[in-house]
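Letters A, B, C and D mark the chains as written, and numbering starts fresh at 1 in each.
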Amino acid sequence: MSTDPQIWIAALGTLAVYSYLYKENPAYRIAEYTLVALYTSYSLVLDFHEYLIPYGRQYAIEEGQWYFWITGAIGLLMYFRYAPAEWNWLARYPISILVGWGLGYTLVRSPRPVMVQVKDSMRPLNTVNNVLFFVFFLCIMFYFFFTVGKESKFIQGTGRVGRYIMMVGFGCAFGNTVQGRISLFLNRLSFLLVDWIGMKIW
Amino acid sequence: MAMKTLMLLAAEAEAPLTKWGIFPNVDSAVFGMFFGIAMIILVYVMIQRARAGLPIPEIRRIPGMEAFEEAVGRATEMGRPVHITNYAEDVGDYDTWAFWSYLAHVAKLCATYDTRVINTNTDYLTQAVNEEIIKQAYLEAGRPDAFNPDDVRYCSPWQFGYTMAVAGIIAREKPAANFLIGYFYAESLILAEAGALVGAIQIAASSATSQLPFFIAACDYTMIGEEFYAGAATLSKEPVIYGSVVAQDIGRVAFTIIIIIGAIMNTFGNDAMIRLIMF
Amino acid sequence: MTFWEKMNAMDPRWIFLGMAVLLTIPVLFPLGLAITIDQETTVPIYNWIENLNPGDIVFADVSYSGGSAGELGPQHKAWFRHCMLKGVKVVWVAQWNTGAQLGYEFCLEVVEDLAEEGIEVEYGVDWVYVGWKAGGTTMWRNMQLDFWDACAKEDWVGNSFEDLPLMQRVKKWDKETCKGIMLFTAGSPGVPTYTTYFHDYDIYLGDVAVQVPGNMNLLRAGQIKGMLCGLPGAAQYEILLGRPGQAVKLMDAQSLGHLWIIVLVILGNIGFYITRKSGTPSG
Amino acid sequence: MKREVPMVLALVFAIIRIGFELLQPMIAWEFAPGKTVFTRLSFSLTFMSVMGLLMGLINLSRQHINTIRRKREHWVYSVWLLIVLYGYAIIGLIWGPDSNTFIWIYDALIVPLDSTMFSMLAFFIASAAYRAFRIRNVESTILLVVAFIVMLGNVSIGEMIWSSEAWLGGFKGIKDWILSVPNTAHARALSIGIFLGAYAAAIRVFLGLDKKYLGGTD
């Protein structure tokens, strides 16, 4: 048995989380509230020490980038969300800036990686596997036609086949994930058996 | 988001040269731009046509869309709340924009039926918008007092802190309907199984291809990939937004044709189409 | 409720209990089920190290954290052991800040094990752990140009490169020095860094199972030369090394876990079929 | 001021970002050697969102103080949450994230709780498979059969039943084929579709047709 308090806390926490599988209970609840609180504080501390202070010092002060003061001030408007109702709307300013910033990114950047996929879908139809790939691919494309070919028996029929092929893909991903998920548990199990109980297994 | 960003890395290799003088020399820089412009024009034209009352094609039924009302109705009958969440996306992400359509829809249904709606979050800005949307829905339903801001919950900004909290909330509050909408990572199955353990009707809509298998297995209805966005458009108050789904479909037909032609050309050793789309 | 009705709607807690028991037993009492070596994925990595000369330098990358240590840890240890036994020098970098320390500890474990067997491995001569450096993926571009400068001439534990004999041979990360790259990856950033910046190097992956379907493409296209697939990959590597260890034992648990799911599904379907026939509403 | 200004801001910043992503002169625009305007602008927006660092703390405090005040069910746990929340934040803010106490707590609680929660998937994947894989209709049957083959192709037991040296390469051979052909076709078609849908969703926001980010329902 380990004598390290850190390992004991970790082990009891591990067991508390697993107790959820039997029933939601006080032990799980304590673990849950603890983790939520810790993570919130953790990211606050990280944001503070890794972004706010270094960014402010390096860019706003040393490099003298004036607009850091403006964006910083706009950032503070977020807190108007807690102000009385007539001032709430000020919190929308930083949000819409971030929406716009993400929008520009999506509009320009998102087509590029997809084109790589499109390119790879144009495989030469010279092997059985490539032809099958191509047929499967088209069937799934037909499934997602929302407006075109609603009356066409061909598109509807191939669309249904497309859905079946998607199920093949999903079943495949599901089956293949099982071993990864089991490994996660085995990792915790080795922690409990080896680090905590102190068994010599390997 | 990180994973999506990384898909783009391939386009970020060193590029000293430019295309056409002003465009960066990365794959698909120019083609992607023309594609974007074409899509914007198409969406605009289709929506204008719809507004002007000109005929535009109708959308086929999207499986799962009608289940929202059924699920909220069931929660009302049972006197149990409804839970809705998207995972990690911040306000600058398209999955969040689509999620908000569903949130508004669910919040309106809940406000009309007088059912409690619980929303869980990881991002404080997304939470701020979510709260506004739900509040507004209650206001429009004429019962602003029924809105409880404490039901829009913040569950820490990290994946498994959030997952743990949501699993706990689902087990304690026993929602009769569980909506998992947006982009998810590994937590998808935990959330869906937590819902299944309390017997909730579960509807998932996601663009996370790696998590869709689990939603399909664990949820009653799953909207797959693009259905998630198309569904968001059909939920709009203004039905002309349908126009954007039509535009999206035209884009798909175009891609299908490009790929068919490209594959045939490629079979005969001609890679012109590939060079075009990668330009 | 008849037996089959129960099988049709089993309390999930029985499923959980069965799973926990079946995963724990083989860890305590190994069954020794046979493991087949995958020629296409695992063997190329083994052969790569096997065919290098003592003194050749390879690079390895830790792009995972605690969550994936269950799969990648055994891979990491088996592969590193192989390198040390062959006298191949390894320079470790890490793309994930969160897993850099963990990776370092895995290396130390291997070194300790080897010491117990009487094989001395010296830090700075046989291996160096540079670890994580801030700056994102562009950092890896800089490392190619000037490894010392990009890393600020310091390894993970704060040793200066000046004091590490191995680093005198690694001024640049180029094809002269580097006889291949081994990347242990659990997500992003990960593979694209190498397929983008190091596309003409021999890249090998240690991959978590979840990512294997996605990365199969890269293997087919020749962008990567070999891949250890999750825990089975680690187990196969241990067998190739002739020293079945942690992964091989855990593979028995894997087998039983899979078997449990299969049994459950079969029982569930029989129950489903019988209850449906007898007209009772089914769940 | 309440709706129009934010919409204009979103549009303006979208256009700025488009310029910085699309036009080489803007991408390469430097105000000092090696320092591009784009990186500084991005950093300034990161700086802006980091300004909200107290929001998480405030949100949790507000919610749990309300719970305690109204003596809702489980309010005792809320007291515990607030103690941990402020305690850990204070340790981190005063002594920094590299201090021993901060890291000790991180290793003792955050790491194990996090990875244990992750590992619950080992159990849930079994219960999900049990419920979903029924021969109910064509779709769930396909799901079941394929998942079975892939699972058996992954473990030694599958090898014992149908060896990979045998006809068709056994479970493993079929698994590999499914992975490389139908699975890739599926992933491709799905991601192209997702892109189109997401792009249309982005255009709706860009054209001002979807403005829920302002907090309305339309």
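Keep in mind that, in the parts below, a contact is a pair of C-beta atoms (placed from the backbone, for glycine too) under 8 Å apart; a residue touches a chain by one contact, two chains touch by 3 or more.
Remember, predicted model here, so these are calculated numbers, not experimental data.
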Outermost chain relative to chain B, judged by CA means, is C
Busiest interface, counting C-beta pairs, is A-D
Rounded to the nearest Å, the gap separating the Cα centres of chain B and chain C is 33
Cα centre of chain B to Cα centre of chain D, whole Å, reads 13
Here the gap between chain C and chain D, centre to centre from mean Cα coordinates and rounded to Å, is 23
Here the gap between chain A and chain D, centre to centre from mean Cα coordinates and rounded to Å, is 1
Each of the following residues of chain B touches two or more other chains, namely 7, 10, 29, 33, 36, 91, 94, 97, 124-125, 128-129, 132, 154, 156-158, 160-161, 164, 167, 172, 196, 210, 212, 214, 216-217, 224-227, 230, 245, 248, 252, 255
Each of the following residues of chain C touches two or more other chains, namely 12, 16, 19, 23, 67, 209-210, 212-213, 232, 254, 257-258, 261
Going by residue number, chain A touches two or more other chains at 17, 20-21, 29, 31, 35-40, 42-43, 78, 81, 94-95, 98-99, 101, 103, 105-109, 111, 118, 121, 134, 137, 141, 144, 166-167, 169-174, 176-179, 182, 184-185, 187-188
In the complex, chain B touches chain A at residues 7-8, 10-11, 26-29, 31-33, 35-36, 57-60, 62, 90-94, 97, 124-125, 128-129, 132, 154-158, 160-162, 164-165, 167-168, 171-172, 210, 212-214, 216-217, 224-227, 230, 245-246, 248-249, 252-253, 255-256, 258-260, 262-267, 269, 273-274, 277-278
Given the complex, residues on chain B that touch chain D span 18, 21-25, 29, 33, 36, 39-40, 43-44, 47, 91, 94-95, 97-98, 100-101, 103-104, 107-108, 124-125, 127-129, 131-133, 135-137, 140, 149-150, 153-154, 156-161, 163-164, 167, 172, 186, 189-190, 192-193, 196, 207, 209, 212, 214, 216-218, 224-230, 232-233, 236-238, 241, 244-245, 247-248, 251-252, 255
Given the complex, residues on chain D that touch chain A span 1-3, 5-7, 9-18, 20-22, 35, 40-41, 43-58, 60, 62, 74, 77-78, 80-82, 84-89, 92-93, 96-97, 102, 104-123, 125, 129, 138-139, 142-151, 153-155, 175, 177-193, 195, 198-199, 202-203, 205-206, 213-215
The chain A residues in contact with chain B across the complex are 17, 20, 24, 28-29, 31-32, 35-40, 42-43, 78, 81, 88, 91, 94-95, 98-99, 101-103, 105-109, 111-113, 115-116, 118-119, 121-126, 134, 137-138, 141-142, 144-148, 150, 166-167, 169-171, 173-174, 177
Touching chain D in the complex, chain A uses residues 5-6, 9-11, 13-14, 17-18, 20-21, 29-31, 33-52, 55-56, 59-60, 63, 65, 67-68, 71-72, 74-76, 78-79, 81-82, 89, 92-101, 103-111, 114, 117-118, 120-121, 129, 132-134, 136-137, 140-141, 144, 162-179, 181-182, 184-185, 187-188, 191
